[in-house]
């Protein structure tokens, strides 16, 4: 009987939205089996939640050290092979570090760490240990995002001139936005930025993933609209790319009424493309000399880059979980083969931290442009 | 350690689109475990496919009798509890019959049988055996379809006057539409109707599910546009409901360029609603005295009926697999509790066969209206 | 100084929605000048309304005879050249007849007459008098409708198989729908049909205009949902075309919440097109082997048929008035040159009456299909 | 016989897109009559074009002085009352000045002048002469823009926090963009800015019109992507408002494939609205506690502000010309009553020039923010 890849979790206890997504995504294709996790700091609660998840109760651990020693005590063919880290931000670094040092592969939620120094240390550790590492930027898993990247790489847009990305949510428009929100606006758990770290980095990461360009300098204004909030809940950033292209990121968590409105528009000198996360099956292509074309997941004219990341025929909507699952599928293969797959790396996590630091510094200062360290 | 519900499959071998969907949907929530299946008529192939699915190879059976006897030989806590039947249509009846008689619960793809006599026999058998039975009409699992039903039940649309349903695909527009298509246009495997049985019944079922009305009589024209095709590949049906409401079903599998364009429009004397399967997160509500309202899955103003069938916050698209999984989640609960859940029943399967028979009879005859037997 | 074409009006007095549209449309391009009209049966009111419209007050006439004799008394270079007839339906025939016999060109609102006998008489009269005659079917004036017709004529869709047209409004959902509605549901003013004559004929006309096919037989159900209403307020019609194509018209004036939801979907064996009156700048083209294409008015890839009926660059929305004005522009040219233009003719008006008569007969009877007389 | 308001034109000769729009818009409601114009510098050509427009040929003048003296020589009841100025930018100031000084009312295309000094001089002149003056910002004439303004004024959005405006076109993506483009990228005819003056000012004006807020400071980057181009063809501007609100304008004329993609998103602490110029009949309203509402022109729930600027029932699309015509209708009333109407004023024209100057200065410099002079 063939063995599935065995996964542990750090975080994702009762009530955590993203933890449940990780579980559904990891198991969607039937190749990964959840075997254990740290589902809370209270040993009894973690145990009980493990049981609820149909796991052996004793593999519901109370902290990362317990999980590491517990799993190392098991025979290799039963032991977890990688851990999915989906705790609040400030735990990413110490947990990922401990796991890598103990010889486990790691898939880690973004942002990688609390600052670029931590991030760089982690990058070094990945090199030294040779373990597989994936930074979970789930939006890179959408089939039509892969398709977009492939079109740009093939030169279909020509030279990229302008990138316009909007990411707006309304969930933090009021002071009381619930438990899920609390840690995201607490500097101790989130780091130096709120909105820009939480969603602005999705924009930055996706732009670089899709275009292959690197952001060279930023001019930014972060704002905090809700009284008493310690971190930014809104921000706009002008972008200069290494290639000479320009761009704008408009990110907000106080955009009243917006659910998860993430829109990517990329203009080249030959053609342009547009993608909406809330309508992810379409990729809109425009040019100055032909009708609008809408490429659809699963339909002729949409290429292999999308097909490889797709499970259903066209017209049978896929969504967020499937995109997430694409990353897991690639990471399972990476664990199996011990060769990295085509997903955001620890280096992308370092770049992301430097982007945040540059944006915050620029927003606090008087200079027009701040370069991003590479 | 808690036990998941154990599922067997009949059908869904290598290359079957809908079989893979059944597996992903069944396992999405981590409550159901696939343990065995008939994945093909060749014992070696079925065994190999079981292995590919991380099952014990010997639980890849070559026919339904082997599966029944093989599973009955296992201890109860290991034995499959229900079977998901996703074979071509003509096998639904004999397989479901054998399983019920052997004491297993059954989840069966639509249409229930090859004719209404078989269907009625199955209905009787379900009563006699007392086993749980679910007719898989996956579209009834969409959160916003549940929301639509709930709005209508609460009287928000007033008295329903008109129902306009369109279901069009282009995949059979050419004579050679591939292997998936072959059995669907073969009367021996599909029954007396092609397009109307394949997708028209989705329309009929969803209309009755959402409105609570029953179709009383039909006036229909089936057509077969591709030369040499033995079954209808297109059809339109005028509907009269028991309540006095009227309707139209427009179904086609030769609607060139359409992917899976399933649109439901329901007009009451107070308000109207519209839903598109390809954009399933929206439910559009219209009235004569207020702005258009778009209810969104996960957003305030959308009620419990949707929330209970939803996994993610608004703006994080859910799709086809999640809708499918909602039915499985309810059926797992039915198996666990031995009480039927809120999904299409064997009786709905009988109604569906009578609808097809009435449509075919009317289309072949000269009378204006044909009543549907109840 | 060059002379504009001089227009009179019959109907379109104070408060008449469509009368105001006729005036705006006629004058949009600055080639037609309104010079007189019958704006009401009360001489003083008609006179006052003429004055309000900046006309010579004495050219506001109280009936068609007064207008004919009044205008004939004027020198030819001042006299009206054609009359736009936009009265309730039952006046179309006598007024158009009088005008043709007096030597004036006529542009007449649809439906042409109260029955096909009247319509045929008018067709004969147009032949005999040699006057120019335009049946105002404004939807044929939309640029992207012209484009659709041109694509079909060029064979881009291949052989047409199915036509699915929906035209739904909610304005008559309640018993009291205002003054504009009153005459439309009165058999004395409207004829033998309400909804089907009012909007179903738009569907029938546009289908024949765009596809070039002729409807050969119908199977219909008309309904009257509002108690006490004497004419149909809803109807569905199955269509058989002379070519073997099939179709459906779904028309309703009790489709609560719908404004003017006129949707045309045409499926050929090579490709398909879709057009929405409420979003008229787009023509959606689908096929089984390429991405969706959206042809836009004014944009490359959209051809001459649209360009000739367009005034603005792409992205500067044109609408209903402009479409209407396209018909007027062509009719002005017809009056100037005394040669008919590319717009619906008196023969189309006859076909339209025969369509209504067949639909009503079929709906009242028991036979499945009723042929349309040609 | 009542007299229409008599209009002259400066500019808008053969081939000028916007000139034709001005004529159609001015005459749409039948209240304004075009009587004369300067349609080119060549007397014969201007005369011929006047004739083509059904004017007295001698009222096709070759320059503004000829028009002024020619018209002053006519009896008052025949003489033009106002002039519509739609020349290239550098002529706006001298022509408007001459007309005001000669006692004529003026409707002038934006931008008002070549710099803020000229603009301020014109503002002064309007005060001194007491003549009516309208700055044509046509987008302020859209019914749903009026509706948006009215909702904000009524507090329905609460305190405005963020404004996100995108205006992108692709027409200048290549070096050779045709004759209409030539003067727009020539500093001598256009002034110190290209894209930002041409379309960025539409964004700035519409933001201030709709929200009632004033932009206080800008941080900008202008770019010129096409080699050899002397003025900006793209730009992004971060905005700070006097109220503390923030915003972004993203404007581009090299956004390949975009037609006239002008999108306005305004977020308040209670609700948010969204409007698309290419889909102008909708106003999308979002909040954190209710379904999305789509207000439609002409439909219940949309208020008087839209109704007053609307001509057709809902579902009969109005567009660009009608919006333009709304401004003309108000200006005709202003000329008739000698009281200013509700449209952009000469003061708005001054504000617009100062905005451009601040943006250009900021883009050329190193300081983060540049205040806009008031």
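Letters A, B, C and D mark the chains as written, and numbering starts fresh at 1 in each.
Quick note on the criterion: a contact is a pair of C-beta atoms (placed from the backbone, for glycine too) under 8 Å apart; a residue touches a chain by one contact, two chains touch by 3 or more.
Please read these numbers as outputs of a predicted model, since none were measured by experiment.
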By label, the chains that touch chain B as well as chain C are A, D
Fit chain C to chain D (C-alpha, same chain sequence): the rotation, rounded to steps of 5 degrees, is 180
Contact tally winner between A-C and A-B is A-B
Dist(centroid_CA(chain A), centroid_CA(chain B)) in Å evaluates to 35
Distance in whole angstrom between the CA centres of chain A and chain C is 55
Touching at least 2 other chains, the residues of chain A are 258, 285, 288, 292, 296, 299
Seen from chain D, its contact residues with chain B in the complex are 285, 288-296, 299-302
Residue set of chain C touching chain B in the complex reads 157-158, 161-162, 164, 166, 168, 170-171, 173-174, 219, 221, 223, 225, 234, 236, 238, 240, 246, 248, 250, 252, 254-258, 265, 267-272, 285-288, 292, 365-368
Residue set of chain A touching chain B in the complex reads 1-4, 17, 20-21, 23-24, 27-31, 34, 51-57, 169, 258-261, 277-281, 296, 298-299, 311-322
